[in-house]
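Structures follow.
In the two assemblies presented below, subunit A is common to both, partnered first by subunit B and then by subunit C.
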Partner chain A sequence: MFLQFIINGLITGMLYTLASLGYALVYNTTRIFHLALAVLYVVAAYIFWHVTVVCGFPMFAGIFASVCFTALLSLAIDRLVYFPLFKLKASLSVVLVSSIGVFTVLTNLVALTWGNEFKAFGSDISRIYSSGNLIVTGKQLFQFIASLVLIITFFLFLNRSKTGLRIKAVRDDSELYQVLGFSLTKMRVTVFLLSGAMISLASCLTAWDIGMDPYVGMPILLNAIVALIIGGAGRFESCVIGGITLGILQALVVWQWSAQWQEAITFVVLIIFLFLRPQGFIGEKSRVV
Partner chain B sequence: METILNISNLNLSFISDRQKEESLFLFRDLSLEIEREKITALVGGNGAGKTTLFNVISGLQRGASGKVNFQGSEITRLSPYKIARLGIGRLFQGARVFEELSILDNMVIGAIHHANEIPFYNLLFYRKSMAFEKGLEEKAEAILSELFGSNNIFWEDRIKPAGNLSFGHQRLLAMARLLMGNYSLYLLDEPTAGVHVQFIEQIASAIRHMNSHSHKTVLLIEHNMHFVRQMAEYCLYMENGKIIAKGHPNDVLASDQVQQSYMGI
Partner chain C sequence: MDFLYHIIIMIGIYTILALAANIPVGLANLLSLAQAAFYGIGAYLSAFVLLNFNIPLLPGLFVVAITTGFFSLLISLASIRLKGDYFILAALGFQLIVFSVLYNWTDVTKGPYGISGIPPPRLFAFIELTANFQFAILSVSLAALTSFLFYYLVKSPFGRVLKSIRSDELSVSISGRNVYQFKIIAFFLSAGFSASAGFLFAGYVKYIDPTSFTLDESIFILSALFIGGLGNVKGCIVGAAVIVILPELLRFAGLPDNIAANLRQIIYGLALILVMLYFPKGLAGDTMLK
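This part shows the complex of A and B:
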C-alpha cells in the first residue's frame, strides 16, 4: 500500500509541478503574486471540455485549443491589468488586489457560461495496469508520461534556448537585463504566454481524470505556490522538488489518516518551512537590511 | 571640442518621508558636457548624486526635468533598453553578473541582438542564429584573451556559472561584457570599489582598451583618487547635485574648494 500511495503522490506531485512552473514563470521574473492564474486553470479545463465533449473534437485538439486560448488570455490579463499598473508604478500589493479582482470576475464568468455543476470527461472506466498489489490506471500513466515529458522539455528550453537563458537573466537581475539593451515588456509577453500554456497543460491533464467545477483553480494554485516556497522561491528547479514532495506528502496523509487532511498538511508544511527553512530546499538565504 | 553627452538644467527632487511638504533636491539645474573619446572622472562625496545621475542617464531613474542629449538625440524619457541600444553601456556598483548563467552566456548576452528577443527565434532561424551565436562566442573569446591573456580563467571556466567566480573576477567579467556591446559611451560606477589590488591594473587596462583601442568615451565615478589621476583626462567634481569644479584631474583635486569639501582639508 505504501508504494501505491507513493506512486499516486508522485503523479499528483508532477501535476503540481506543472502548475507551479506556470506560477514561477511570472513570479520569478515580475514578482507579481499572480492569483488570477487560478482562474486560467479553470478556463483551460472548460475550454478543453467544451472542445472535446461538446464539440466532439479529439482529445489532442482540445488540449491544443485550451493551451492557445489560455496562453492568450494570460497575455491579455497582463496587457490589460498588470502592465498598465506597472507603467503607473503601482506597488505589488495593488497588483495583487487587481489579480484577485480578475480571478473573481473571470470565475463568475465561467460559472455563468458553463454552470456551477461538476463536469467530467465521460464515464468510461480507465484501463488498469497492475503488478502485484500496485495498480495504475491508463489515465494516471498518461498523466505521468505527459508530465515527465513536459517538465524535461521545459528545463531543456530554460537551459538550452536563448529565450530560456534570458528568462533566467531577468530572474537574476532585471535592471541589469534592461541596461544590456533588452526590453522587459517583450520578456513579459514571453513569460505570460508560457505561464498560460503551462497552467493549461496542468489543468487539462488533471481535469481529464477527475473533472472540474468553476472553483477548482484556487486550491490547485495554492498547492503550486506552496510547492514553489518549500522548494525555494526564485528558482525553477524548486517547483519540481516542492511539487513532488507535496504530492507524496498529501498521498501519505490520505494513506495514514484521511483525504480531508490532505489540504491541511499543505499549510502545515508551509508553516514549518516558513519557520525553520524559509529559503526552501534549494533556495539561498537572503537578508533584508 | 566635440561632446557626446550633454545634460542641461537637470532637476530632480524627492518628497521627504518625515516632512511631507519639503522636497529633497538631488539636482538643481545641473548641466554638464562630456567630451567624445575621453576618459572623464566624476568625483564627489557620498550622497552627492553621482550614481543617481548615472541612473538618470541610463533611464533607470524617472521624474527628472531638464534635458539629456546623447550624440544629438534627446534620451530624457527613453526606456533603459532603448538608451542602451543607442550606445550607452553601464557598469553598476558591486558585482552584477547573471549568477546562474555561465561565464560565456554572461558575455554573449552582453551583445545586443534585437532579433534574439523574438520568442523561439533560434528555432525559427536555426542556421542563421547558430552562425551568429558562434560569431559572438568568438568575439567573447577574443575580448577575454585581449584583456586577460590567452590562458585566462574566464575562458577556461566558460561553461561554469558566473556566480562561482570571486567578487573581483565577477567585476572583471562585467567589464569585459561591456566590450561585447559596441557602446559609444561607457558609464562606469566605481569600477575599483571593493576589488583586490591585484585586479585594479586589469580594470585599468580594460578601461584603456575601451578608450584608446575602441575610441570610445568613458565616464567613471571613482573614489580612488590615485586611479582617477592615473586614468582620467578630465574631471568633474560634484557636490549637492551640482558640478562645482571641472578641469584636469590634478587641478580639480588640488583646488581649495574640493580639498575643503571632499577631503576636509
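This part shows the complex of A and C:
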C-alpha cells in the first residue's frame, strides 16, 4: 500500500510542479503575488471541457484551444491590471489586492457562464494497469508521461534557448537586464504567455481525470505556491523538488490519517519552512524585503 | 421592519470587522489575510461560552475577545519574523489552517454541520436579547464603541508609532521603540475586535458553521476596508455600508438569487481593481495601501 500512495503522490506532485512552474515564471521575474493564476487554471479547464465535451472536438484540439486562450488571458491580465500598476510604481501588496480582484471577477464570470456545479469528462472507465498490488489508471499514466515530457521540455527551453536564458537573467537582476539594453516590457509578454500556457496544461491534465468546478483553482494554486516556497523561491528547479515533495507528503497524510487533513498539514509545513528555512530546500539564503 | 434591523446589524458587524482589519492594514501596512480566522475563532468561542456558561454579555464578550487575542500571537510572530509577501503567505496559511480545523475537528466544532441553537446573550443577567430590535441597538453600540476606540487609537502615541512603522520600520526601531511590541498589540486588538464581531454574529444568527469564515470572507472584509478607504473610521463605515447594502439593491433590481450572488462578487472584484488603480484612498479613506 505504501508504494501505491507514493506513486499517486508522485503523479499529483508532477501536476503541482507544472502549476508551480506557471506561478514561478511570473513570481520569480516580476515578484507579483499572482493569485489570479488560480482563475486562469479554472478558465483553462472550462475551455478544454467546452471544446471537447460540448463542441465534440478531439482532446488535443481542446488542449490546444485551452492553452492559447489561457495564455492570451494571462497576458490581458498583465496588460490591463499589473502593468499599469507597475507603471504607477505600486507596491507588492497593491498588486496582490488587485490580483484578488481579478480572481474574484473572473471566477464569478466562469460561474455565470458555465454554472456553479461540478463538471466531468465523460464517464468512461479508463484502462487499468496493475502489477502485483500496484494499480495505475490509464489517465494517471498519461498524466505522468505528459508532465514528465513537459517538465523536461521546460528546463531544456529555460537552460538552452535564448529566451529561457533571458528569463533567468531577469530573475537574477531585472535592473541590470534593462541596463544592458533589453526590454522588460517585452519580457513580461513572454513570461505571462508562458505562465498562462503552463497553468493551462496543468489544469487540462488534472481536470481530464478528476473534473472541475469554478472553485478548484485556489487550492491548486496555493499548493503550487507552497511547492515553490519549500523548494526555494527564486529558482525554477525548486518547483520540481517542492511539487513532488508536497505531492508525496499529501499522499502520505492520506495514507496515515485522512484526506481531510491534507490542507492543514500543507500549510503547517509552509509555516514551518517560512520560519525555519525561508530559503527552502535549494534557494539561496538572502534577506527578503 | 425586521429587514431594516437585519441590515443595521450586518453593517454594525462589518464596520467592526473593517475597523479591526484597519489596525494592521491601514495603520501598520501589514496586509493580513487572516481576519476571517479571528472572526471565526471569536464566533466559535462565543458559541461555546453562550452554550455552556450563564454569564452576562459584557464579561462574556470580554473573555472571548481576550482569548481570541492570544491566537493573534501566531500572526504577530509571523509579522515580526517575515517580511513582505512571506508575511502575507503566512497569514494566508493561518487562515486556511483555522478553517480546516473548524471544518474537520468534528468532535469539538461539529465540523460542516455547524453549531446550532446558540442561546441569546443576556444583558446584566436578566434581560435576554432576543428581538432583532435589541440586537440592532447592541450592534450599533458595539460598532460605535469600536469606532471611538479606533479614533483614539489613531490619535494616540500608539497609533502614531504604528503609522511610522508603516513608513519606515527601521527608523522606528532606531529611535528606541520596540517594533515587535507594537505589532503584537496591534494584532491583539485587531483579533479582539474581530472576535467581538464574531460574538455579535453568533448571538444574532444563533447558528454558525465554518463556511462563514473562509478565505473568501477574509477577502470580503478587506474589500469593505479598501472600498471604504484606509486609516480612519469614516472609511470603514462607508465600506461596510456599501458591501452590505449592495446585494440587497441587486435583489430589489429583481435579479434571480443565483445570478445576483455572482454579480455581487463581480462588482466587489471590479471595485477592488478600480480602487487599486484609480482611487487608492477608497471612497473616504485617509491613507492608501503601501
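Throughout what follows, the second predicted complex is superposed on the first by the 287 of 289 C-alpha atoms of A that agree within 3 Å, B and C clash if a C-alpha of one lies under 4 Å from a C-alpha of the other, contacts with A are read in each partner's own complex, and residues count from 1 in each chain.
In the analysis below, a residue touches a chain if its C-beta (ideal position, glycine included) is under 8 Å from a C-beta of that chain, and two chains touch if they have at least 3 such contacts.
Keep in mind that what you see is a predicted model, and the values were worked out from it rather than measured.
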When subunit B and subunit C are modelled together on subunit A, clash or fit: fit
Superposition-derived comparison: subunit B or subunit C, residues of subunit A touched: C
Touched partner set for A:Phe182, first subunit B, second subunit C, both or neither: first
First (subunit B), second (subunit C), both or neither touched by A:Ile100: second
First (subunit B), second (subunit C), both or neither touched by A:Cys55: neither
Lowest inter-chain C-alpha distance for subunit C and subunit B in the superposed arrangement, angstrom: 7
Residues of subunit A touching subunit B in the complex: 161-163, 165-166, 168-169, 171-173, 175-176, 178-184, 186-187, 189-190, 193
Subunit C residues touching subunit A - in the complex, by the definition given at the top: 29, 31, 78, 81-86, 88-90, 92-94, 96-97, 100-101, 103-104, 215, 219, 222, 226, 258-259, 262-263, 265-266, 268-273, 276-277, 280, 288-290
Of subunit A, residues touching subunit C in the complex: 31, 33, 81, 84-85, 88, 90-98, 100-109, 111-112, 116, 218, 222, 225, 229, 260-261, 263-264, 267-268, 270-271, 274-275, 278, 288-289
Contact footprint of subunit A on subunit B as seen in their complex: 58-60, 79-81, 83-85, 89-90, 92, 96, 98-101, 105, 109-110, 112, 116-117, 119-123, 129, 133, 177, 181
